[in-house]
Structure formats: C-alpha cells, structure tokens
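Each of the next two complexes has chain A plus one more chain, namely chain B in the first and chain C in the second.
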Partner chain A sequence: MTDDSTPTDRDAQTADVPAHWNHTRRMTDGGQPAEQGRDGVLIGNQADEEAVLDRGPFERWASKAIKNPERAYKSMFYTATIFFLLTTLFPFYWLLMVALTPEGRQQDIILTPNGFNPGAFIEVFEVLPFHWYMFNSFVIATASTIIVLVIGSLAGYAFGRLNFRGKLPLMLLVLVISFFPPAAFFIPLNDLFNTSFFALEPITGDGTLYNTPGAMVLPLSAIFMPLAIFILTTFYAQIPDGLEDAARVEGTTRLGALFRVIIPLSAPGVATAGVLTFIAVYNEFFFSFLMTDGQPENWAPLLEGILGYQGQYEVLYHLMAASSIIGVIPVAILVIVAQEKIVSGLTAGALKE
Partner chain B sequence: MARVRLENVTKRYEDVTAVDDVSLDIEDGEFVTFVGPSGCGKSTTMETVAGLTKPTEGRVYIGDDDVTTLAPKDRGVAMVFQNIALFPHMDVYDNISFGLRLRTYDDAEIERRVEQAADIVQLEGMLDRMPGEMSGGQQQRVGIARAIVRNPDVFLMDEPLANLDAKLRVHMRTELQRLHRELETTIIYVTHDQAEAMTMSNRIAVLNEGRLQQIAPPLVCYNEPTNLFVAGFIGSPSMNFAEGTLVETGLETRNFDIEFDPAQLQGVTVGDDITLGIRPEDVHLRKNADSLAAQTAPIDAQTDVLEPMGDEVFVYLLLSEAETGSMEQDPASSPNQLLMSVTPDTAIEAEEDVDVVLDRSKIHLFDTASGDALLHGLVERSEREPGTTPTEADS
Partner chain C sequence: MATDTDPDGGIFGDESETERDRTGNPVVNWMENLSEAAYAYLLLLPAAALLSLIAFYPLIMTFVMSLQEDRTRGLEPLGGFVGVENYVNILTGNARLARQFMDVTLSGSFPFIEFGVPILQQALFVTLGFAVISVFFETVIGFGQAYVLDQDFRGRRWVRVAIILPWAVPIVIQGMIFFLLFQPEVGFGSDFMQWLGVFGADPLADSQDSFIIVLVADIWKSAAFMALLILAGLQSVDRSLYDVARVAGASPLQRFKMITLPLVLPALLVAMLFRTMDAMRVYGLIESTAGCTTVPSLTCLVVEAMFGGTRIYGTAAAVAFMTALVIGLIISVYVFFFRDTQGGLT
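Here is the complex of A and B:
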C-alpha cells in the first residue's frame, strides 16, 4: 500500500487532471490490476470530495431521496397519480374524440377527432329516447338506494348496537351471500319474475315483474345490501351508547333514536353506503340487460339505450360514445357532491367521549 | 313528581348478578343518592328506573304505576348522563327542546319552556351554540336543562359531575342542591363519590355487589353504619378497623383491649370474633383528651407519617413496634395501623412515641363473621346520661 504522504508522480498527475476526467481515469485504472491498490486509495480519497461530481443525475436524485424521504414519497405520489389519471381519464378522452368524429370516419383517430361534430350529443336524443332510458336508470338506482339504506340501517343497527344470540353467524351469512356470483341467481329469478302472480295484476298488468323496475330493484338491492350493511354497522357501532339512551329517555323509541340521532351522526357512513349503492346499481350490467326487453317504456335502463345505437347492419359508434359520456355525467356530479358531503361530515362529526 | 318504589329488583347478565334483590322506597320530592364502589350495581339499578334496562325479576313503580315493562319515554323520567350525551349535531336550543319536539307542544310553548329551563341553569344567550363549542360545565348545564324542561316526575342523574374538574364539581354540587329546592322533584343521583352523596342527599342508599347495604340519611350512615361495608365506605378517610375477640372483660385485639360488658351485645357470645371501628377524628392524643366524657385506656403508638390537610392533620399511627408501616396495606384495614385526625395546631411529629385514647361513645362494634353492626357507642351503664344513649344498630 502506498502511503498518502509520499505522493508519486502519478498522484501529482491525477491532481492536475480536471475533475470531469476522473471518471475516465478510473475506468482505465480498472484495466490495470497491478496498480489497482494504489489507485484504490487515491479514488477513496477523492470519493469524499467528488462523489457528487461522479454521479449521474439519477444517482444524485437517489442520494437526495435517501437523505430526504419526503422527495421519494412525493415523486411516488405523482407517478401513481399520473398513472391513475392517464389510465382512467384517457378512455374518456378517447370516448370524446370518437363522439366528436362524424359518422363513418371513426378509423385512424389519433388523439384528435377526424372532423368536428358536437351535434352527436343532440342526435343521441333524436335517434332514441335516450332521456327516457336515463330516467329509468335513475328511478331504479334511487329506489334501490333507498331500499338498501333503510333495510341496511335496520340491519346495521342490530349488528352494530345490539347483542343477540347468533349475531356473528348471521353476519357471516350475509357476507357469504354477498360473495355469490349474481349470475347464479339469474335463472331462478328470471323464472320467478316471468311467473304471473294474481296479487301483482293490478300493478303490473300481466302479474309478472318482468319489464318492471321491480325486476331490477329487487335483485340489485339484495346484491348490494351486504356492503351497505357492513359500512353502516361499523358507523352505528361507534355512536356512544349514552346518546341513544338520552334519546330514548327524552322520548324516542329505539327506532326513533336510530333515525333522529344515530343516522344523522353517521351521515358520512350513510352517504358512503348510499353513493356506492347508487353507482353500483346505475352501472350494473347483468340484471339491467336481462330483466327487460330493452324498450324504454318497459323500464329498460341506460345500458339498453347505449346498446340501442348498435343495429343489425350498422353501429353508430359516435352516438354510443356520446351517450356513454352523457350517461357518466350524472354519476360524476353525484360523486363530486357526495365527496364534499363525506369530507364535511368527517370533519364536523366530532363526538365527545 | 312522584315516589319511586323498587320491589325485589334483580338484574342478571349471563353469569353476573348486577343487582341482587334491591327493594327501596323513595318519597316524593326526595333526593336519594345511590353510592357504592365501581361495579356495585348502582348505575344498573338506576337504569331499571329509567327503563333502559329491564329487570330480570322484580317490579318498578313510579307514582302508583307499575312501569316495569314500560318504555323509557313513557315513564315520565328525565336523565342526566355521566358523559353528558348532548346530541352533537344539534345546537343547544334543539338539544334542550328535543324531548318537547317529540311530543305535541306548540312552538311558542316549547320556546317558553326552553327559555325558562335555560334561565334556571344560567345558559341565557348560548342557545344557538353547538355543544362542541362549550366547556364541560356548560355542556353539563345543557344536559340538566334538557332534563328539567319536560317537568319530569323523576330526575335521574348518573354521575353527572364525574367528568368535571374538581372546582366546577363543587360548584355544580351547590347548583344541583339549589335546583332540587326550586323544582322539588324526586331526584335519584348515582355517584361513587361519597362527598357528593353526603352533601346533597336527603338519604343515601349504599350498594355493594348488587345488594342494598343501607338506606338512611347521610349522618345516620356516617354515625350508625349498619355493617362493616357502609362503615368503611362512608367517610373520608375511611374508618379504622381492628379485629379482635370478645372476652369476659370486653374486646381483645392484637394491640389493645377495650373494656366493656359483653352482655351489651346481642347476637354474639364470648369467644366470637368482633371488629372494632373508630373514625380518625375519634382517636385522640391522651394529653388532649381531657374533655372526653368517656375514653379508653391509653394505647401505646408511634407516629409514622403526617398528612397536613390544612384544616386538620392526618396522623398514621403504628401500634406494633415490630412491624413498621407497610405500604401495601390500606391503613384502615391493617391491624397494626391507626389513623388519627388532629387539629393543625397540635404539637406532633413523625416517629414520635405517643399515647392515644379512643372516644368510647364513638366506638362501633361489628360482628366480624357477618359484618353486621352490633353497637354504636360504648357507654358505661353507670355513666350513661340522657342524650348520649347509644343506638342499637338493628333498629
């Protein structure tokens, strides 16, 4: 090993070399095993002072990130966000481009529409009564949400606030049923809904539920109920017993306490369950597609409307795209509004205890 | 306004008996406090009155009505909760008027009564605040206003002052007494703090392990406890106990003897284990005890620790030389320790040998086996004077 205190020519020479040459020098040294030890010391000495100079931009960034992990988290956050936004929003952008491109020119759309035809957004309502399909979807989704919230609240109250025998098995049963594939229910349900019941005749005319909102509301409420029950159970269980006791002593029944105190205080949970159910029903494909004959007057939902632009001999892609965008807008608005509600509920819901 | 009657109320949970055969009768307009250690069943007993808990056995009457199976809302009771339990999503006005709005009152009447209630608890000008914006004392006043606004027959208070700081607690104590005087409503008050029980109530119901131990005016509970539990629970610091044996000449304990005629005691015979109880203020230094009408023979003791409280000084006395004070044992139950309370001007120091005497008229004797009181106050027959007649416990 060469002592540092007795510099050789080579050391002196190295010292004279401009800083950006060191990289090159080290590379060449690698090919000279005999002098490696000597240079090893040399490089070791330099490393302290010139490490920053030695590194490429990525290495520099990495060393900064190690010293300051916030940077790494921030960049990870941005990467994930950009990825997420690209993968979710780009299809919508593409949909918009397809909608704006006039009929028959749908090939070769690259980022910009081939032409400009905003009239497609009006045409969708002219070709089919698309508003009627949307109305049907709204009615079905709203009815399902109301049913899910009311029944889910009662179940959530029982599961969250009462102690009774068989509570856990019952809850597990609800959970297990929610794992069944909806298709498993289809054949029996379709059979059932096509069976004529005398009691239903005054309501549906022919006594069957097929081609009525009931044929979608009933199975969809049942399918999305377990999730709502779980969300509501968690929220209702957190309301202090004292508040319910106070309400009951003040003059409500248990049910009154649920609606006057527990539900208002669980507003964020109820909003979450409601929004999730509404969106799930609104977006649902399987039962929506099969439980009606596809006619708007027979309560066919949005989905049938969008598929309605697909004829036997031609597919009106630009109208399908336009109607898809129109169909998404109400849900997007709902999510934005509900999100505000949920956040405000979370910050305002300060419970003592 | 109504009287409240519990008949053999028992509440059993799966393997725990929370309330065990409690019967009591609370007069109209009376302020009764349920007191006892944690888990003694006092809150459960109150909940059976409120209707929040259904008793497993027994009946509950409010006024002349059997309310055992009635829902809380139909019982004419109002309740103030330990955790205050204001509805956080409603402002003070809505909180107070909650019960009224559930019934058929017109708006003007509701407003009048809310304002009156707010006036009583001094909440004027705060009716539009949210509970979260108020201090603990203000919140509890809202809780009380919510309870009084409906003019309930019975007022139930479940440790309403437990979550307040010490100073506010004393203040609210007087407020509640004033409130009781103004409203003249029957009040049932639950607390584990015997100072609250002593100061506020007409009668105290002492509960332990689900059983009613004694229901009597505070001073009767203090001066004539029916058993060892009440004697030890009421009074702070707690009563001194010394276990011993009844002999021909009186009581023999490990460290001292008390002379009396065992025939005074009913239900025990010579040879039985009995326990002597004496409150700290009834233990005196011999040199200061001249004013006592009757005192026991002097007891040798050594002072251990002094606790100056300002108005009095608590002196921990060691009766046995052999055993210095062990920190593990509660001085009240340790056989070798005695707690004495003296005035602050008494000349006394730690680790000093002293002679102490007990005030014979304040000695309590209990049957060790059953815990029942045998006698309150030992007075020699010859010295017995009118007005100092000892009271039999079982009366």
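Here is the complex of A and C:
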C-alpha cells in the first residue's frame, strides 16, 4: 500500500483495489463503511511503523494481532485446545505416576514418579483377584447389553415402524423412567431380591437373586433401556418400507422381517446402542455397589475390587491407582474404536426427546 | 387381518394361507394374524414387563412403605399406617438420620430462615447446590470444548477422544482419582488448595472442602457429555449463515450471539436437563471420595437409612420418594419454561 497520503492518491488507491481487498479490510475493523475504512488503512500504517521500531516480541505479536484478528483467534483457539487436553488428560497421567511409585513413597508426586515400580500392575492381581472382579463386570455388562438390545429392538420396532394407539404416551412413560433416581426403586427391589423364590432355588442355591448377576443385570437393563429404545427407534424408523414389504412378500414372518431385514440394515444403530449400554453398565455405581456383598465369588463387579485396596490396616494407594488404570483400559479402547458411534448415539438418544 | 401386505391380500391371499401352514408353528401363525396394533403391544410386552418389575412396581411400593411407621424392633420391618408423618419428620428435620433432609426454621428477622445445621449438611440443599453449580460449569466448559471440536484442524479425531475419555470413566475410578488427588498423604491437590487458602486442614473430612472436591470431580467427567451434545447442535448449524454474517460485517461475538446461541439453544437445554437429572442422583462419586456423612446427597440419605443399622425403612422410603418428587418438580419446571424452545426442536 502507498506511503504518501495525498487525498487524491488515496482515493485512487481505494478505487483501484479489487473487491476482495475491500472485503478483508471491512472484516478487520468490524464492518465499518468505506468512508472510515480509509482510517483503518491509516491505523494499519501506524502499526507497521511501530513494529519497525522493534519493541519486545510481545508488542510485535500484539500489533500483528490487532492488524489481523484471525491470527489472535487462532492463538486463542490453540490455547483453549491445549488447556482442555491438559485438564482432561492430566489426571490419568498423574494416576499412572502414582501407580509407578513404589509403596510408601507416594508423597509429592506431580510430574514424575518417586522411583519406578511397574510391578504394581502385577501386584494388583496378587493382592486381590482383580481379574475376577473384571470378569464379573464384563459378564454383567455383556448380559445387560444383550437383554437391552433384544427387548429394546422389539420396542424400538413397535415405536418406530408400527402405528397404534397410545404410542406417544407410552414413549413419554419410557422416558420418565430414565429420569427417576435409582434410590426410588431400590428399597422394594432390595426386598424382592432378598426374597426366596422356590423356582430360583436350582439356579441360585438359596432361591434369592441377591449375590447373583441377576440382581444387577435386571435393574441395570431396565434403567439403561430407555436410551437404547430411543436410539433404536430412530434408526429403525429410517429403513424404507419397501425393503420390509419385499421380505414379507417373499414369505418371511413378521419377526423374521425384524431380525433378518430391519436389524441388519440398522447395524450402525444397534452397535451404537450396544456400545453406550455396555459403557453405562460397566460404569454404574449404585446397584453394582449395593446388590452384592462385595465378594468376587458372589459376582461383585469391578468397583468392589478397586475399593478393596482400602484395607483395614493399610491403604495401598499405588494399587488403587494401578487398578484404576487397568479398569479404565476397556472403556478407553471402546472410546477410541467407537467414538463416532458414541457421539451419534448420545446425540440421537438425547435429541429424540 | 391387517398385516403389512394387506393391500395385496386379495391376490396373494391363497398363497400366504399356504405359507402360513408351511411354518407349521401355531405361535408364529397366531402372531402373523394379529392386527398391527395388537402386534405392537405384543412387541412392547417384554419391555413393559421388565420396566414394571424394576421401575413401576418398586416406585409404588416405595410410596406405600413411606406411609408406614418405622419399626426398629421385632421381625416385621415396618409398622402400621401413619400417613404423612414420615414426610413431616423429614421436612422439619426431625427424622432419625445422621444427616437431615432439610432442617430449616422460619424466623422473624432477616434472612427469615434459620438453618438448624450448616447448609452443607442438609441433603436437599447439598444436592440442589451440587446440581446447579456443576451444571453451570459443565455447560460453560462443555461449550468451550464443543467450540474447539467444531473447528477443522489436524488431529481433531484424537482431541475428540481425549475430551470424551473422562465421560467414559467408571464412577468409582473417577472418585478414586479425585480421592487420591486430594488425599493429603498422596495428592498435591490439598496442599495446593491450602496454599491458596481455600481448604482447611483435612479437606476430605470437611463438608465445604469435600463439596468443592466432588464438584470438581463431577465437572471434570461430565463437561465432556455436555460438549458432545452441544457439538451435535453446533454441527447442525448451516455454515453459510456465518458467511452471510461475515459479509454483513458481524463481529465474532455478534455471530455467536445472533447465530450460534439461538440455533444451539434447544440442544443445550436438552443437555442441561439430562445433566441436572443426573446430578440430582449423585451418590457413587460421593461414596468413593469424601463419604456420605461429609457430603450428604439425597441418594446418600436413602442408603444410610437403609443400611445405617437403625432399620428406619419407612423414613428411607419417604426420603426416596421425596427425591423422586424433587426431580419430577425440576423436570416440570424445565418443560414449562422451555416448552416453546423444545417444540421448535422437533
């Protein structure tokens, strides 16, 4: 741009510049009309001269930022990204450092461990049968996921593809359940699961559901089913009618059409609902904590294992940290593998409402 | 019959008749002949059965139990019908609980209410305060995270994984992380906060300090959930609107206020509603960090009343039902105030 500023020259300059130049100029000074845009040019020139004076690097950066706000936004954006990454990931990193520090030296760990003891990750399995707790959690989460997917598929098909009276009230009723606190269900359920049923005796020994996977799978399936129903309803409703009709004309039964046409075509939706249910059950605290006596042979899940290192006589901080890291690994893998599904599932489930 | 192939019934009637015989299964035959509505109800039956057993029946039972007397001796866990006595005891702070639901008396002078015990030892206010503060910060931070994830940059996939990760952490591990961080023997969190002058000598035994710890832990985990839902809202905004605004000379702040916020608002409200419900149910996080005596939430009270050894089942049921009522009340407030926005969503 020109350095001498006789009015005629400047006018000529403004007239000469191509349209996109005007466009950017306007953006930087907040869309002022062209008349004041010239002042903007002047300010820009002054800033240039000041930069030439070569003050500190910060002033130089600031003057550049004033001239070109996009640059400032970009650095703000990177600052925010790094801030969020640090705050979300630091606790995991710190946990690893605590786990790697030998027992009894856990004071003042911030960035590096006090010593190096990867043996904690083996000790975890020796002090308590942690693998057993993890196995229990996997069985409970898998069983709940299967129940939720089968029953939720039937309900999702009815809500998504069939017309019947009372559809909307029934959907709202399902939604309301996911709002109620588990505490409101818990007391009668605790009674129920401690009641002996003759029919259950061959399976559970004393005929009660307490201390069996059933005591966790049943309530957890019910609590996380509404979300799955909403996700599946959304996906099933999107399958064109023609495909189902074709299968029916070919002689498939009604249930056959659901399991051989609708569900395979909605595989991404089913996977989404499955992943979300698995994570939710694996992470659940309330019923998992209260429906067993905490013994691994009585199907106590992961959380009893992690809390178990808080012994009567000594508290094994490094093992608490190590077991927590091991417990996070399965869900971390799920998040990495299925992040798209998690995002779409949460969105569909929440926005369906 | 009113199956999906109904319009063709006249032509294919005979064929489908033979096909039905071919299945040779009376149950399948019966199912094929149901009307559409009857078939729908049949499909909903398993879900209805499970939900009735686990949700509706217990909810009604909880209400019935809450109207019965606590009986601390003898075989029977519950005494006779006492009406709303349990509720009155809870609301006036006279329940036989270690921590009260609420303990407030009206007084003549400003501020017109008096707290029988410190406000952070009353479950209702602890839970409400926790819900309001945590949801506020989660919304703000979640918005920031969603804004970052909405931009295009290299490595976005991995940044997204990192930001979702806390959401996927089991509650007990979340609790364990923050327990260790603020446990004076291990973590530096308490030292740091004491250096700032915020925390007292033993933070995990102090109601106020522990309340802050639980808040921070919850915000760390749940901001990610908010971020995901808000991100969905952000990504549905038509990008050309921003171009129009840019050409018209709107500043970034104006663009945010006039385009982003109104369009994201429905998703934001739904996300806030979900989080509020969740925050009102807080239990596991408290149990695995500070403990229920230090930070009593509503769910904490129910569990304490059940297993505290005092056998006050009637009171426990009353607290449980009150919790459900409080949550129901909050849902209605949300729905009432934001029904127009929500209507615009669907």
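By definition in this document, the second predicted complex is superposed on the first by the 253 of 353 C-alpha atoms of A that agree within 3 Å, B and C clash if a C-alpha of one lies under 4 Å from a C-alpha of the other, contacts with A are read in each partner's own complex, and residues count from 1 in each chain.
Basically, a residue touches a chain if its C-beta (ideal position, glycine included) is under 8 Å from a C-beta of that chain, and two chains touch if they have at least 3 such contacts.
Predicted, not measured: the structure shown is a model, and the values here were computed from it.
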{"item": "Which of chain B and chain C A:243 touches, first, second, both or neither", "value": "first"}
{"item": "First (chain B), second (chain C), both or neither touched by A:298", "value": "neither"}
{"item": "First, second, both or neither for A:84, with chain B first and chain C second", "value": "second"}
{"item": "First (chain B), second (chain C), both or neither touched by A:142", "value": "neither"}
{"item": "First (chain B), second (chain C), both or neither touched by A:194", "value": "neither"}
{"item": "Touching partner for A:261 - first (chain B), second (chain C), both, neither", "value": "first"}
{"item": "Greater chain A contact set [chain C / chain B]", "value": "C"}
{"item": "Chain B/chain C common contact set on chain A", "value": "245, 248-249, 251, 253, 350-351, 353"}
{"item": "Contacting residues of chain A [partner chain B, same complex]", "value": "240, 242-243, 245-253, 256, 261, 264-265, 349-353"}
{"item": "Complex contacts: residues of chain A adjacent to chain C", "value": "23, 26-27, 30-32, 69, 73, 77, 80-81, 84-85, 87-89, 91-92, 94-95, 98, 106-110, 147, 150-152, 154-155, 157-158, 162-165, 167, 170, 174, 177-192, 218-219, 221-223, 225, 229, 241, 244-245, 248-249, 251, 253-255, 279, 282-286, 289-290, 302-303, 306-307, 317, 320-321, 324, 327-328, 331-332, 334-336, 339, 342-343, 346-347, 350-351, 353"}
{"item": "Residues of chain B touching chain A in the complex", "value": "50-52, 71-73, 77-79, 81-89, 98-99, 102-103, 131-132, 139, 146, 150, 156"}
{"item": "Touching residues on chain C, where the partner in the complex is chain A", "value": "3-5, 8, 12, 19, 23, 28, 31-32, 36-37, 39-41, 43-44, 46-47, 50-51, 53-55, 57-59, 61-62, 65, 144-145, 147-148, 151, 153, 157, 159-166, 168-173, 176-178, 180-181, 183, 185-186, 188, 220, 224-225, 228-229, 231-232, 246-252, 267, 270-271, 274, 277, 280-281, 283-285, 287-288, 298-299, 302-303, 306-307, 313, 316-317, 319-321, 323-324, 327-328, 331, 342, 345"}
